[in-house]
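In what follows, subunit A forms one complex with subunit B and a second complex with subunit C.
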Partner chain A sequence: MAWYLIVLLVMLLPFEVFALSAEDVMKKSQAAFLYPGKDFKARVGMKLISKEGKERIREMTMLRKNYGEPGGDQKLFIYFFQPADVKDMTFMVYKYPVKDDDRWLFVPAINMVRRIAAQDKTSSFVGSDFTYEEVSGRDIVDDTHSIVKEEKLGAKDCYVIKSTPKAADVDYSYKLSWIDKANFLPVKEEYYDRRGELYKVFTADEVKDVKGFPTVTKRTMKNLQSGHRTEVTYLKSDYNIGIEDSLFSERFLRLPPKKWIE
Partner chain B sequence: MLSSNSFALDISLHGFLQGNYSFDTASSNPDGGDFKWAEERFQLKLDAAKEPFRLFIKTDAFFDHIDEKGDVELREGYIDYTAKKWDLRIGRQVITWGLGDLIFINDVFPKDYEAFFSGRPMEYLKKGVDGVKVGLYPVFASFEFIAVPFFEPNNYPDARRFHMFDPMPNVTNREEKDPASNFKNTELALRIYRDIAGFDASVYFYRGFFRKPYLIPDDLNNTTKITLHYPKLSVYGASLQGRALEGVLSLETGYYDSRQDRAGTDYTVPNSQARFLIGYQRQLWEDFTIGFQYYMEYMHDYSEYKKAQPAGFPKDRKLGQLATVRLTQFLMHQNLRLSLFSFWSPSDGDYMLNPEIKYNFSDHVWAAVGGNIYGGGERWSQFGQLDKNDNIYLQLRYEF
Partner chain C sequence: MKRFSLVEFSVRHPKLIVALAVIFAIAFMTQFPKMKTDTNPKNMLPATSDVRVWNDEVDKTFALYEDMIVVGIKNERGIVNANTLSKIKNITDEIMKIKGVASRDVNGFPTITNVTAEKGTLRVAPLMTDIPKNEVELKAFKKDLFDNPLFLNRIISKDGKTTAIYIPLEKGANGKEIADRIREIVKKEKGDEKYYVAGDPVARDTFGAEMFKLMGIFSPIAGMIMFIAIYLMFRNLSLAISMMMVAMISIIWSMGLLIGLGFPIHIMSSMSPVFLMAIATDSIHIFNEFYFRYKERKDKKAAIIETMLAVGRPVRYTALATAAGFAVLMFMHIIPVKVFGFGLAFGTVALRLLSFSFIPAILTFVKEEKIEKASEREDIGLSRTAQLLKNLSSLGAHKPKATVFVGLILLVVAVIGTTKIVVNNNMVEWFKKNSEIRIADRVMNQALGGTSLGYVVAISREDDFIKTPEAMRYIEGIQRHLEKLPVVGKTSSVVDYVKRINRVLHNDDPKYDVVPETKEMIGQYIFLFSMSAKPSDLDNVVDYPFKKANIWIQLKTWDAQGMRDVIKAVEEYKMANPTPMEFKPAGIAYFNLVWNDAVLWDMLRGFIIAMIVVFVILAFNFRSIKWAIVGYIPLLFTILLIYGVVGFIGKDFDMPISVLSCLSLGMAVDFAIHFISRFKQRLVEGQESGVGSQESQIKYPGPLTIDSRLTDSLLWTAARPGKGIMRNAVLFASAFSVMLFAPLTPYITVGAFIVGMMMLSAIMTIVYLPALITLLKGWLFKGGDV
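What follows is the complex of A and B.
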């Protein structure tokens, strides 16, 4: 009888205590996907694959450090290994949740550091199918979110969230996200264009546990209209490695420390 | 991991094979040739690091089809030492300061304008200096201190390849007099920079020489010989760059103290100047960026200058102005780049246009085709004098 009561209580609980709003789900997802740990480092391989199957390679080391709570400020440092014409280039972002990001680029051929004006919402990241914003994350408050349904995707129980941009600042009119209930990582995202047609699909193809943090180590963004897709693989990744604040400076943009980029 | 790092010697070798050709479209060269540039070039970059040291060598070997000669040049070659709060770079190095896009106020370091006007890749506009750079990084600001004992002038277009204004074309006896390499003539440059309220702020100081040669005729009324010299110069400047109006705003200024002619009465030495630059760039749509610049140089003691300038010599304006526009559109997953850069001088009325198409055939091979078009103004003004030098160029590179 006691068991029966407990089970009954637990069954009632979700409605009282565990009911998550769509915003809560997206916040948890942002924290799990883009903010785990104090800092993060990954050796990233990118394949840009055309409709005809022609491949371009991008390879970089990406370093990230969180400042404050998930959803708060972040600093990002990227060093390019490949292709040859961008080798030794570095790129730095100070990401702020409410205002525009600050971005700097170092061009080794002329030893020059410049701010760049690219806007992250529509600019392609190094020619890939990801926009800057899809790499570094979109602010939760820029969209209205609703839970469309809950369903299984493969073996994963997911929330399906519809996110509609409040302003027409991006190329899509809305996005559907399948968020894994177990770890809050996105499993799939569908981007619908202004006519309401599906045109871009994101899939998390591999999730691995790195230092206790579930991490998407393989992902694909496919443009259904152009047939072009980008596959991203984390060749190595690590958390809480003690990246110093000083890394995110013009000094190290010009001369990136080997210990961080290798 | 620590131990393996501290004993490891990392060596990497990269470089490229390049063909670079530039063909006259307005008229032949003064010496009758039709190419401004025609060469094949091989570059090798060696990077060897064993912390805290690093060695970097960038060497080019090339064959020039116009002069029918090959040569090897050391583009850069230096050793870095990196400590926690400071670092050191000794050797031949490229230094780029200031915020201007092809307009230089505080970037007082040597340029190769022949490369720029001939349609060579942008990196060849910058020349290295042989010197020492010390970086200091205390918490409150960063310091870059540079000492260059060996003077390096700008490189201007070759008179056999380019039609240019010369106030005394009949005097062929010319001698170039570089500042002697001694302790007193060592060029010194300092940049201090830090963040101020989200803006990148820098102040600059330079003590050295003009890198453009100025003429000293032996006798104005009956000139038989011209000496080309590089007068003493100090520059005091500042710059500010940050986000504004949904783009990036740049402000730069510098005072050019012409130390050999502060009164402005010597016509063989330029007058002191104040220079200002405002720049703004913004992305308007996907992969399309637009950049504007407006530049002014104000000549001090202009009435003295007008009085001193010999008859028959063109006179610079009291207020020189220059406006630029840069448009850049990437297409096809950034494999195709269309760009246009233009200079236009509101004061002189001359201009330069540089449209370019660059395509990456693969991760290793790219080609760029572009044009340099000059005109307007006077036959002695900056771009007006280049009127007959329009060219189209091809850059083809295999990079590894």
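What follows is the complex of A and C.
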């Protein structure tokens, strides 16, 4: 009898003793969402849809390689297919935690590689409703996090985390994230502006298992104030494909290897 | 006849009539809480009008905001210093927190997208992310600010003393509330800086607030003035009260009806109470005649019925003419004018209904001895006013040729004046010169590119055409051509962004400040820009498929002529440089132009319709075309004289004036109707008795020739109904004179116009009708026709 009681207590224990802090949840989420595997590749389709339903298309191949622990250095290589007149344009990011990222862009029409600087915390990524930071991830230490509640969103048990920026460096005053307890992927995010009004909503619309990594393959960011939204689809997602370090260089920026971008 | 029975019924059941009128008034009053105002100039034209449909389409295509507030910040010692810049940052931050502000697209130093190259790095980011802290940073900021041609005259003046924050508003936001909030925010900042809040929504919503003030304060004052004037004329309080009651009831009825039907109060309908009050003075003719009749009969009830018999026909016809004048407005294109015409036509009919029921009913309540006392003064022989009027008309009757000759000279002068008339609606100038809004507008127009915004939309036939060097160079050419116009302060388009990127990519080399050579370059530059700019930066200037481009034109004037010049310049450029692209104007400045022209054509149409309708009414009333013509002449003369004055003093011929020109026909014709009707009645009465009427018998004893009988009747008419005319004109004018003190110029214009017109047309009627009748008697009385 006593033995059963012990088993029961042990089963209950994780919820008591190993309860996660808000930071832990966000760290796990960052690892699951932005850092799974050694590297990652996907054909990304972006639809920029205006309030009137007019569309702009962005299509690109995105390659990503992790260096070190989740939350650490990362390198990104993006090759654009669409819009048609930017075909062959490439974009490279060296992402560092804490300090500003390095970015290069190759402009094929004038055969020129330029370093570019952008206000990544507020600037829109290629005209979409995502900021650069929302694509590449925000440093966890930039915000204070707290667990507001735990609730079910659809069939998913979620933590609801409130993240408040320490500095007023972004357009929102705080963000609520619904993090799936099962896989730590974000299910939904709500962005509240400086007036405290909800203005942007992120939803993970489709999650697929790719080589054992749960991956968000369809997502939407909607700006409630402008009525504009961006729908993103990941096709041909793959992990651990062995991307070489040399890819992330000016040479390949100018002449991206076919095997990686196709 | 039905109407006589209404008078008799009212005299028999006065209490019932009063009770009914009040009950109806209460019923209409229940609608008042539903009152809304609409001061959006856009609603001058229906939502289905071509210009609005097109402008809406342009707004959608280019994600433009309908409403924008502009805050000007000026520091005589220059804007670029850490202190002022930090204020600008604070103010911008605070403004972005205001509800109703489209924060994402607020453009000022801290938020506007800048494209620069620093040490080989291309940077697309807001201009001032951090406040420059030291001399080095300040210097760098200054360079950023003045080097980017997109900023010059937009967010920084050439002399570096003035900047602006452009604040777009979400749909349905209240511009005045936001503007008030902004004023509070800037008030908190101490220092040398001066702040100016301008922009369409501010003007519009301030106008709305002033309008309510006008209705709430000026209408009652106008009422009080009329009340005092009536009392001074008749020395009888109950008469003055009854007249005011009639006016009040008709105001309540018609405003209640308009509100009840769901019409918002516009600038024009806000003036209706004053109009109705003034029109109510037409019942002065009833009182006027009643006093004379009572003095003759000494029997109140009989005097009432006789009075109504004598003045009933002219009062009915004048009401008809006035109502017709208003009803004509319903055929116009400008919505507030239509509503105004409808409300006033209804109000005028209501007034007349009350004249034949409510007034006789009230007259029965007036104590006989009071009337007797007051009416003692009503003697043609004794009254000084009557004597003066008689002298005036004898001028016309005895020296008709000289009078007409003088008139002709005045007419020629007036016609010269009318040729100088300029049709123009400038809504900023609806505010007084020293009003905050006008000052803000003036300062910003001096320092920056201009507060009035128009667009020229380039439309090509195929997608992506805008990205071709051909299209780019063409648009650039048009921009340079338009900038030569003195009214154009600044133009901007997608070309400016492309050129900027081109230059920045090439290490800021001025050689590259041109349109790139290939479509690929342009496409990639635009993409490069859109990679980190605000989505609206590009959306505002090109459509999604790159088929259309939007050229922003900042004008330094709100005059309609400004946009007309722009359109003409675009056409000239197109003629000289053929292109497959089409260019169409849009924006508020264009709307103002279209609206302005609509006002002109509406006015012309309305004026012609009013002329015909009034003429027909006159002809029916007099049962003679000839008399209608005679009655018409002083009227036209009056209007021509007023327009002559408008032309000479250089006042813009705007919407209020054009509306008045239609109305004035219907209102000024009253005097001619009264004069001629009563004159002809008098002539018949004299003919039947074979001698002059009772009073004049004493003064003009003995048998009378036709001529002397004519003159006698003319002078009698001038003295007796003429007094009613003068009283009517004075009351009318006194009510409207209040508007001369209004805070908004359209009201002042209307006040001055009506005061001038009523006084002038009364005098014209009394001087020129006798002259014309005397001169044309052979023609008028041919075949013994009277």
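In the analysis below, the second predicted complex is superposed on the first by the 250 of 262 C-alpha atoms of A that agree within 3 Å, B and C clash if a C-alpha of one lies under 4 Å from a C-alpha of the other, contacts with A are read in each partner's own complex, and residues count from 1 in each chain.
In this section, contacts are C-beta pairs under 8 Å (C-beta built on N, C-alpha and C of every residue); 3 or more make two chains touch, one makes a residue touch a chain.
This one's a predicted model, so the numbers in the text were calculated from it and none came from an experiment.
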{"item": "Touching partner for A:K166 - first (subunit B), second (subunit C), both, neither", "value": "neither"}
{"item": "Which superposed partner A:R115 touches (first subunit B, second subunit C, both, neither)", "value": "both"}
{"item": "Touched partner set for A:H228, first subunit B, second subunit C, both or neither", "value": "both"}
{"item": "First (subunit B), second (subunit C), both or neither touched by A:R56", "value": "both"}
{"item": "First (subunit B), second (subunit C), both or neither touched by A:E250", "value": "first"}
{"item": "First (subunit B), second (subunit C), both or neither touched by A:S124", "value": "both"}
{"item": "Which superposed partner A:P83 touches (first subunit B, second subunit C, both, neither)", "value": "both"}
{"item": "Where subunit A meets both subunit C and subunit B, residue numbers", "value": "48, 50, 56, 83, 85, 109-110, 112, 114-119, 122-124, 126-127, 171, 228"}
{"item": "List of subunit C residues in touch with subunit A within their complex", "value": "60, 63, 93, 96-99, 102-104, 118, 120-126, 129, 170, 464, 467, 505, 516, 518-521, 523-525, 527-528, 530-535, 538-539, 543-544"}
{"item": "Contact set on subunit B toward subunit A in their complex", "value": "5, 10, 14, 16, 49, 51, 54, 80, 82, 87, 93-96, 99, 122-123, 125-126, 135, 137, 142, 193, 198, 200, 241-243, 246-248, 250, 281-283, 285-287, 289, 291, 330, 333-335, 360, 362-364, 366, 397, 399-400"}
{"item": "Touching residues on subunit A, where the partner in the complex is subunit B", "value": "48, 50, 56-57, 82-85, 87, 99-100, 102, 109-112, 114-119, 122-124, 126-128, 171, 228, 246, 249-251, 255, 257-259, 262"}
{"item": "Parts of subunit A lying in touch with subunit C, wherever the complex brings them together", "value": "48, 50, 52, 54-56, 83, 85-86, 89, 91, 105, 107-110, 112, 114-119, 122-127, 132, 171, 193-195, 197, 223, 225-226, 228"}
